[in-house]
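In C-alpha cells below, several structures.
Presented sequentially are two complexes of subunit A, the first with subunit B as partner and the second with subunit C.
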Partner chain A sequence: MKTLEIKDLSYHKNSKTILERVNLTLEAGKIVALVGANGAGKTSLMRVIAGLAKQYKGSVEVCGEADEDRRKQYIAMTDSLSAFRDSRKIKDVADFYRLVYPDFDDKQFADILEFMNLNEDERLGSLSKGMKEKLIIALVFSRKAKLYLLDEPFSGVDAMSRKKIIKSMLLWKPEEATLVISDHVLDEIAPVIDEVVLIKKHSVLEQRSAEEIRAEQESIEEWYEGFYEGEE
Partner chain B sequence: MKFKDNLPIYLQIEDYIYLQIAQGKLQAGEKLPSVRALALELTVNANTVQRALREMTAKGYIFTKRGEGSFVTTDEGLLEEMKSKLLKQELAAFVSRMEKLGVKRESLTGLLASYLDDTREE
Partner chain C sequence: MIGFKQTFAAMFKEKSRTTRLSLGIEAIFILLISLYFGIRYGFGSDSAGIGIGIAATVIFCVGIWYQIDVIMAAYRVNRSQTWRQVPVTAGNFLTANVLTGLVTAVIFALANLLIFVITLLPFIFGGEMRIDSQAVATFQPYVSSISNWLLYMTLFALVSFAGDICFWLLITESASVLGDFLPLKGRTSKFAKAVILLALLALLSWGSSSILGAVIRMVSNSGFDFNFVIDNTGLHTSQTDLGLPVISWLYMLAELVYVAILWAAEYFVFKKGVEAKK
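Presenting the complex of A and B:
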C-alpha cells in the first residue's frame, strides 16, 4: 500500500527554484532517510508534503488524499517549538498539542516522556538541545499518524541522545506507518532505515533499498558520499 | 551489537541468532524474542528482523507457530549443520586474513599447530 505518492512536483519561492520535477512513492510501514546537502530542498519537500507550503505544482497524495487540508490528518511533522516562549513548561506545550490535534494520545506522551527522562514541569528554556529534540520526538509520536516527518532530528544532539531517539522511533512508530527522517549525515540511522532517498539539484536523484546498497559491499555512507565526489 | 555497514543487516542478524543457538543461549525448541524485541535489542528496523527470520524459517533452522512466534528447531541434524556452517564461516575469515598477511595455505596447519603448542596450558 502506498502512503505517499508525489507526481511531477515543482515548487518555486520568490521566483527561485526550490524543487523541480520530483517523483516519489513511499510504501506503508517503511523507515526512509531523506538525505542531501544543506539547502538541497529536504525541509521544503517535507513542508510541501505536510501541506504547510501550498504554492506548488504537481500532485501530492497521502493515503490517497490530495487535498492539503484533508491529508494533514494523516501526517505528523516535527515542529521546532520556536513559537513557544522559554518560560513555557513541557505540559503547556502538550496542552496546545491536545487542543490542535485530536489524535494526540496523553498516555503515550507520558510514556515517551518517561522513556526520554523528561519531566512535564520542566521549562523549555532549561532544556539542552538534546532534551528539546527528545521532547519534539515525544510530541510527534504521541500523535496517531500514517506518515511521520522528522526534519533533522539529530542536528546538534549528542550521541547518547541520538541513540535514545532512534530507540524511541522503533518503539513508538505504528507498524503500518511510514517514517521519513531527513538528515545530512547517515551514520547512526543507517541500520534502522529501509530506504534512502537522495535529494540533489532540487529533485529526487536516487531512491534505493538500504540492504540492496549493502549487498553490493558498499556502506550507505560511501554510496552517499559518491554523489558529492569532486565537489566542495 | 555493532553491525558491519557494508553487509546486508538481515544476514548479520541471522548470524547473530545462529551464534546464540551455537553458544546455547537459545536452546533447541526455545521461543525466540518477538520481532519488535529483537529490533530494539539490536537497534535495527523491524522489517529487517522479519526478513532474517523469514530466511531462517526457509532454511528450517527456526519454525513459526501461528500467533505464538518463532521457535528454534528441535531437529538435531539441522542444528549440527548450522553449527558446522558457522565454524566454516569463521575458518574462511581466518584463512582469508592469514592469506592477506602473506601466509600460504599449506603453511597454515604448521603455524597453527606450533601456536597451539606454544600457548598450551600446563
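Presenting the complex of A and C:
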C-alpha cells in the first residue's frame, strides 16, 4: 500500500529552482532516509508534502489524499516549536498538541518523555539543543500518524541523544506507518533504514532499497558518498 | 481533521495569554498611579483626578498598541509552521484566526472599561461626582436613542475591527507572497513589490467607498422596507424611528459586504500563496 505518491513535482521560488520533476513513491511501513547535500531540496520536499510550501506544480498524495489541507491529518512532522515562547513549559506544548491533533496519545507522550528523561514541568528556554530535539521527537511520535517526516533530527545533537532518538523511533513508530528521515549524515541511521532516496540537482536521483545496497557489499554511507566523488 | 470549534479554542487559548499578560501589567500600573495620587492628595479630591487622566491616557495608548498586536498575532499564526501543520481547512483556520483576534480585543476593551470604572470609584463614593437631577430629566427622552446608537456603534466597531484584521492580513501576506514568488531579484523586486502593494492599498481603499455606494443604490432600488430599529426586544423593521436612520444600517450592511470581500480575498491569498515560515 502506498503512503506517499509524488508525480512530476516542481517548485520554484524567486526564479530559483528548488525542486524539478520529482517523482517518488513510498510504501507503508518503511523507514526511508532522504539524503542529499545541503541545499539539495530535502527540507523543501518535506514542506511541500506537509502542505507548508505553496505554488508548486505536480501532484502530492498522502494515503490517497491530494488535498493540501486534508492530507495534513496523516502527517506528523518535526517542528522547531517557534510558536512557543521560552517561558512555556513542556506540558503547555503538550496541551496544544492534545487540542489540535485528535491522534495525540497522552500515555505514549508520558512514556516517551520518561524514556527521554524529560520532565513536563521544564520550560522550553531551559532545554539544551539535544533536549529540545528529543522533545520534538516525543511530540511527533505521540501522534498516530501514517507518515512521519523528521527534518534533520540530529543536527547539533550529541551522540547519546542521537542514539536515544533513533531508539525511540523504532520503539514508537506504528508498524504500518512510513518514516522519512532527512539528513546528510548517514552513520547513525544506516543500520535501521529500509530505503534510501537521494536528492541531487533538485530531483530524486536514486531510490534504492537498503538491502540491495548492502547486498552489493557496499555500506550505505559509501554508496551515498559515491555520488559526490570529485565534487569537493 | 479538526473543526472550527477546536481550532478556535486552541487559538483563543494561545492568544488570550497575551491579553491576560497585557491587562495584568496595565492594571497594576494604573492601580499604582491611582494609589499614588489618592494617597498624596486624598481620595476623591480634584487633584487625585490627575491619576484618572493618566489612567485614561494609559488605557488609550495600550488599546492602540493592543489592536496592532492583535493584527500582528494573526499574521504570525498564519505564517507559523506550528500552526500550519494543524489538520484544519484553510477556511476554518482563517475564520478562527480573525474571530479569536476580535474576541480577545473585545475582552480587552471590556476589561479596560472595568479598570477605568474602578479608578473612578473613589470619586463616586467620595461624593465628588454628583448626578444633577435637572440634567437627568433633560436627558431622559434621549436615553433610548443614545442606547440604540451605542449598540449600533459597538456592532459597527466589531465588524470594522474584523475588517481591519482581514485588511492588514491581506496587505502583509500579499507582501510575503510577492517576496517569495516574484520572479525578480534585488532592487527591481523591491520596487515592483512596493508598486504592487501601493496599488493594492489604493484599490482596497477605493473598494470601501464603492461598496458603500453600491449597497445604498441596491437597497434604494429594491423597494424593500429597510427601516431597521433595535430596541430592547431585538432587531425589527417597519417601526417608528428611534434615532437610527436607515443610512446607518446601510453603512453597516456595506461594511459587512466589504469585510466579506476582504475575507474572501485574504482566503485566496492565504490558501494559494502564503507559506509557513521555516
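Note that in this section the second predicted complex is superposed on the first by the 232 of 232 C-alpha atoms of A that agree within 3 Å, B and C clash if a C-alpha of one lies under 4 Å from a C-alpha of the other, contacts with A are read in each partner's own complex, and residues count from 1 in each chain.
Definition applied: a contact is a pair of C-beta atoms (placed from the backbone, for glycine too) under 8 Å apart; a residue touches a chain by one contact, two chains touch by 3 or more.
Every value quoted in this text rests on a predicted model; they were computed, and no experiment measured them.
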After lining both complexes up on subunit A, report clash or fit for subunit B versus subunit C. fit
Check whether A:V185 is in contact with subunit B, with subunit C, with both or with neither, and answer first, second, both or neither. neither
Which partner chains sit in contact with A:Y101 here, subunit B, subunit C, both or neither? Use first/second/both/neither. second
Go through the superposed model and pick first if A:Q73 touches only subunit B, second if only subunit C, both, or neither. second
Using C-alpha centres in the superposed arrangement, which angle lies between subunit B and subunit C as seen from subunit A, in steps of 10 degrees? 160
Answer with first, second, both or neither: which of subunit B and subunit C does A:L52 touch in the superposed model? second
Would you sort A:L171 into first (subunit B), second (subunit C), both or neither based on which partner it touches? first
For A:L118, select first, second, both or neither according to whether it touches subunit B, subunit C, the two together, or no partner. neither
With the two structures laid over each other on chain A, which partner does A:K13 touch: subunit B (first), subunit C (second), both, or neither? second
After superposition on chain A, the shortest CA separation from subunit B to subunit C (Å): 28
Overlap of subunit B and subunit C contacts on subunit A, residues none
Name, in rising order, each residue of subunit A that touches subunit C in their complex. 13-15, 43, 47, 50-55, 69-70, 72-73, 75, 77, 79-84, 95-96, 99-102
Contacts from subunit C onto subunit A in the complex sit at residues 1-2, 6-7, 9-10, 13-14, 76-77, 80-90, 180-185, 189, 272-278
Using the touch definition from the top, list the residues of subunit A that touch subunit B in their complex. 29-31, 163, 166-167, 170-171, 175, 190-194, 210-211, 214-215, 217-222
In their complex, what parts of subunit B are in touch with subunit A? 3, 5-10, 36, 39-40, 43-48, 51
